[in-house]
Amino acid sequence: MHTATTAAPGAAARTGTRTTRVIGVLALATTAFVVVSAFFLTPADSVQGDSVRIMYVHVPTAWVAYLAFITTAVASGFSLARRHRTLGFDRVAGASGEVGVLFMAMTLLTGSLWGRLTWGTFWQWDPRLTTTLFLFVTYVGYLAVRRIDTDPRQRARRSAVIALLAVLEIPLVHFSVVLWRSLHQEASVLSPDGDVRLDDLMLFTLFAGVAAFTLIFAWLVIHRQRLTALADIRQTVGLDAAIALRRSETRGVVK
Amino acid sequence: MNVALSVARKDLQIEWRTRMVLARVVPFALLVMVLFAVALDSEPLVLRAAAGLVWLATLFSTMLVVQRAFDIETADAAIDTLLACAVHPARVFFGKALALFVQLFALVVVLVTAAMVLYGVTVSGSRVVLLVTVVISATSGLALVGTLYGAVVANMNGRDSLLPLLALPVLAPLLIGASRATEAAFGSQTIDMANGWAWVGLLGVYGIVFGAAGSAAFSPLTESDS
Amino acid sequence: MTNSVASDTTIHLSNAVVALGGFPALAGVTFGVGRGELVALRGANGTGKSTLLRLCAGLVPLTRGVAVVAGVDLLVNRVAVRPHVGLLGHRNGLYGDLTAKQNVQFVAGLVGATASDVSSALERLGIDQRVASTQASLLSAGQRRRTALAALIVRRAQLWLLDEPHAGLDAAARRELDVILRDATASGATVLYTTHEIDQVVGTPRTITLDGGCVASDVAATIGSAP
Amino acid sequence: MNVALSVARKDLQIEWRTRMVLARVVPFALLVMVLFAVALDSEPLVLRAAAGLVWLATLFSTMLVVQRAFDIETADAAIDTLLACAVHPARVFFGKALALFVQLFALVVVLVTAAMVLYGVTVSGSRVVLLVTVVISATSGLALVGTLYGAVVANMNGRDSLLPLLALPVLAPLLIGASRATEAAFGSQTIDMANGWAWVGLLGVYGIVFGAAGSAAFSPLTESDS
Amino acid sequence: MTNSVASDTTIHLSNAVVALGGFPALAGVTFGVGRGELVALRGANGTGKSTLLRLCAGLVPLTRGVAVVAGVDLLVNRVAVRPHVGLLGHRNGLYGDLTAKQNVQFVAGLVGATASDVSSALERLGIDQRVASTQASLLSAGQRRRTALAALIVRRAQLWLLDEPHAGLDAAARRELDVILRDATASGATVLYTTHEIDQVVGTPRTITLDGGCVASDVAATIGSAP
């Protein structure tokens, strides 16, 4: 994807480029539209009232979290296939995983707030909710493995394997509603039988939300990934110094 | 494949010598089953709970057996020699998964029998076939996934706690599928045989996916150990 | 995977750097070892001897530089080198719950060695009937080391890497070890071992001394070093 | 008693460095809570189940933390030096139990909070006092019993599976007492506050008995190790 | 519990038998070691040297015979001997997750040694700043051994039992170790150590040789064995 490794030392001090600035501006604009539309333009739901407005955050974060986890898996696949070369894909995978966990946490948070408003409780033992929680915990475990301080290539391999297995849980979350009878909304976007009836503007706002969060996701991942790249570069520079030190330090001192 | 058999035989030899699964994990699993019943104080422990408890207990026991399977490899760095001699890491993977399968299978047989006795379940006719198929397919799945994750965390500091964290969410679908299918085999009202077989299909797919993933992923995993 | 050596060089290192957790345990090592050579690695504690052996065995990744071992480029695929290499590390690699004999038999089964290979290796290392049938975890430190050496002999690797093989062995076993290493090189294997012992029963083989993760000296074998 | 504090500090120092409990056991415990709810598919998961699950998850986590606490001692035979320097083994016992208590306490606080969110429990007034007392007394009991049994199995081959087998039956009364008292604090219908306090008394007695037993028994235990 | 030695004998063994899992690792050992003596234990692998040290440290039970160490009768209460004894076994007794320095500090805290004791012990064993602040599990084998020795110095035990203390140490550390052992005996401690090394930088101290779980020979120190 993007590698900052080619940048000159001076330019490497920043993680922004024109592309990311464009993405940033677009993200801000779409977000602004979603906020305005969600609060003022779209109608309240006949059954749920104003609480339906949570949907414009809840659903996009869920979908973009899926996107993030899939990105992690794809990047992990590449990283495994080319494991003897660079760590670029591994950095993307890690960055995307972090953002995915963040968004999934937002899904859980908004979902339980919404649940409090509509079901009266923060949590229900429902397949969709439970599998979402599993998915979340799986990626928390993924990040835990990434945090373990070993050789970066080894870490890349281990976490890539985990990411490729973990992504298999997404269909499980998505189809859990079909597999088990469920309290949770069933595909209200696609079939208009659910409690929430979406008019065109609502649908538009929802997808605008998806676009906004996707842009935010891209912006965050690009920056995060470059940041780790820079850290790696610094470590490489640090390695040169460490090698010099190691060579001088012991020679002649012992015996 | 000869290597895989050697590895499996070695693991079972060690099990035979130490009787860890036989003498400790089996009682542990039985205990877990009883503890749950106590903690939840479920008045009429229905069939669905019986089936669920069997697989819950198996799941937790799997963590113990997997940990043990990789502790013997890493305690004195024996895995280094093993991987060097095996040429293909996938052979080691299947060997260890096979040994795990045998141990877990024995465990599940005991637990299912216990559940049938404790909850007064009788299984006959076509239900027996379903039950046997469920046990075999779910146990294979557990063995494959367990071995894979065991390898992921092998040699890591504090792996005892990392293994359940990583493996349990992945094994949760297996748990659910196996529980439901076992319920069907136990003759629960809430689920019919056809549905039970559908779950078995899912378990099979799960096993195949993880078998393939495991044999492919084991090699990069074993490059580790810095 | 099977690109065996065509040339006569078993180990070729050029400015090899190995960083462990950011620390350059090897800070640029350059040397070559030919097929059939016996080389002693020396150096103070922490100078990188074990790391060097583990690098050659494909157990730690090369950070920078060139390392070709048994014809395998370690930068490209360090797993491929493993089948060619027999490593005896600071740890013995035994299964504590198996007997000494079962341990050696297991390795023999993996590499296709025969039962007579097993018993001759055990005999060579003075592992008698009683010790052979005792669980490895109950053996004395030296007996465990001997068992690990027996397993190594059975492997008949092309490159032997031994990390302080003398430590823990008694005088008789040390003498036997020296004979075993000579025999291995005579039959075409390459042997690289580390040691802190000052006296060498073995005569003096080629000796490479490490210091601060680099080669400090490389002294050729003294003539007349036959055992 | 200075020795006990040194030992506890050392254990917490290691925990701080590895973040094992913080980063792994806590998520594991949360997972156990969720898994049970799923496997048993309890439609109306009542308050009694909420309380029971908190303590079940704590119980299983205790096994992990205890194992870890003694693994660090036996991995490189550090316990030999420790016992030699401590003069009285009882000091080591209390030091390790203290560190265990601190870690388990943090864990239980998280789990109780999670249970309150997941099951929509609110606790106020005198119930808070009961809840805090239950948590402290049950956690002390777990820490004392856990340390004692950890020492029993320390250094044994395959101790990972032996510990739960030995400790779980002994801890079962604690589990029941703590669950019932927590239920009362959660405001369940089936048990009143007075009853809750009665259970707390029992927990206290349990803790005292095992504290005394532990400090007495630790010394002969450490004589073993042939 | 505090019946410290009144006599001048630190170790008194008479026909001591230690059976491990039915096998008599010590099959009737008789000897005495006076206060302030330095004694080397020798013998082939598996002859019972480690078992003897562990017996004296109160770690394995006496099966038969008499064993009085630091005034404590091991048949009566082998726990009581522990505070008097500093044991360095085949394993180092370190916490892998703590740094080298933290390990030594922990022992110092237990026995009430000061911070300056810690730093002087570390310095003596050549553990520099970097190594001292590295996690013990990441150190090289020799660095770990040095750390364990530093912890032992800090303990200032009355009886030192060392199982192959030279193994894994480099030449400089071996020399320092010999000085440390001499110093310990000079300050009134008794030292019993095992070794397989043939050359002894230390001069030749009193040497007890074990064979088959019994004392085969007991040779007094060579005169002029000062370091």
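The letters A, B, C, D and E name the chains in turn, as written, and every chain counts its residues from 1.
Heads up, the rule we're going with is that a contact is a pair of C-beta atoms (placed from the backbone, for glycine too) under 8 Å apart; a residue touches a chain by one contact, two chains touch by 3 or more.
For clarity, every value in this text was computed on a predicted model and none was experimentally measured.
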Minimum number of chain-to-chain touching steps separating chain A from chain D: 1
Chain whose Cα centroid lies at the greatest distance from that of chain B: E
Chain whose mean Cα position lies farthest from chain A: E
Chains most often in contact, by C-beta pairs: B-D
Centroid spacing, where centroids are CA-atom means, of chain A and chain C in whole angstrom: 46
Inter-centroid spacing, chain E versus chain D (mean Cα positions, whole Å): 38
Centroid spacing, where centroids are CA-atom means, of chain A and chain B in whole angstrom: 31
Residues within chain E bordering two or more other chains: 20-21, 96-97, 170-172
Residues of chain D whose C-beta touches two or more other chains: 18, 24, 27, 31, 38, 41-42, 157
For chain A, residues that touch 2 or more chains besides their own: 134, 137, 140-141, 144, 150-151, 153-154, 254-255
In the complex with chain C, residue positions of chain B that touch it: 3, 6, 10, 13-14, 17-18, 72, 75-78, 80-87, 89, 219, 222-223, 225-226
Footprint of chain E on chain C - complex, ascending: 20-21, 43-46, 50, 90, 131, 134, 138-143, 145-146, 163-164, 167-174, 196-199
Sites on chain E touched by chain D in the complex: 20-21, 57-61, 78-79, 82-83, 85-87, 89, 91-98, 102, 106-107, 109-111, 135, 151, 155, 157
Contact footprint of chain C on chain A as seen in their complex: 84, 149-151, 153-154, 235, 238-239, 242-243, 246-251, 254-255
Residue ranges of chain B touching chain D (in the complex, touch as defined): 18, 20-21, 24-25, 27-28, 31-32, 35-36, 38-42, 48-49, 52-53, 55-56, 59-60, 64, 67-68, 71, 157-158, 160-162, 164-165, 168-169, 172, 175-176, 179
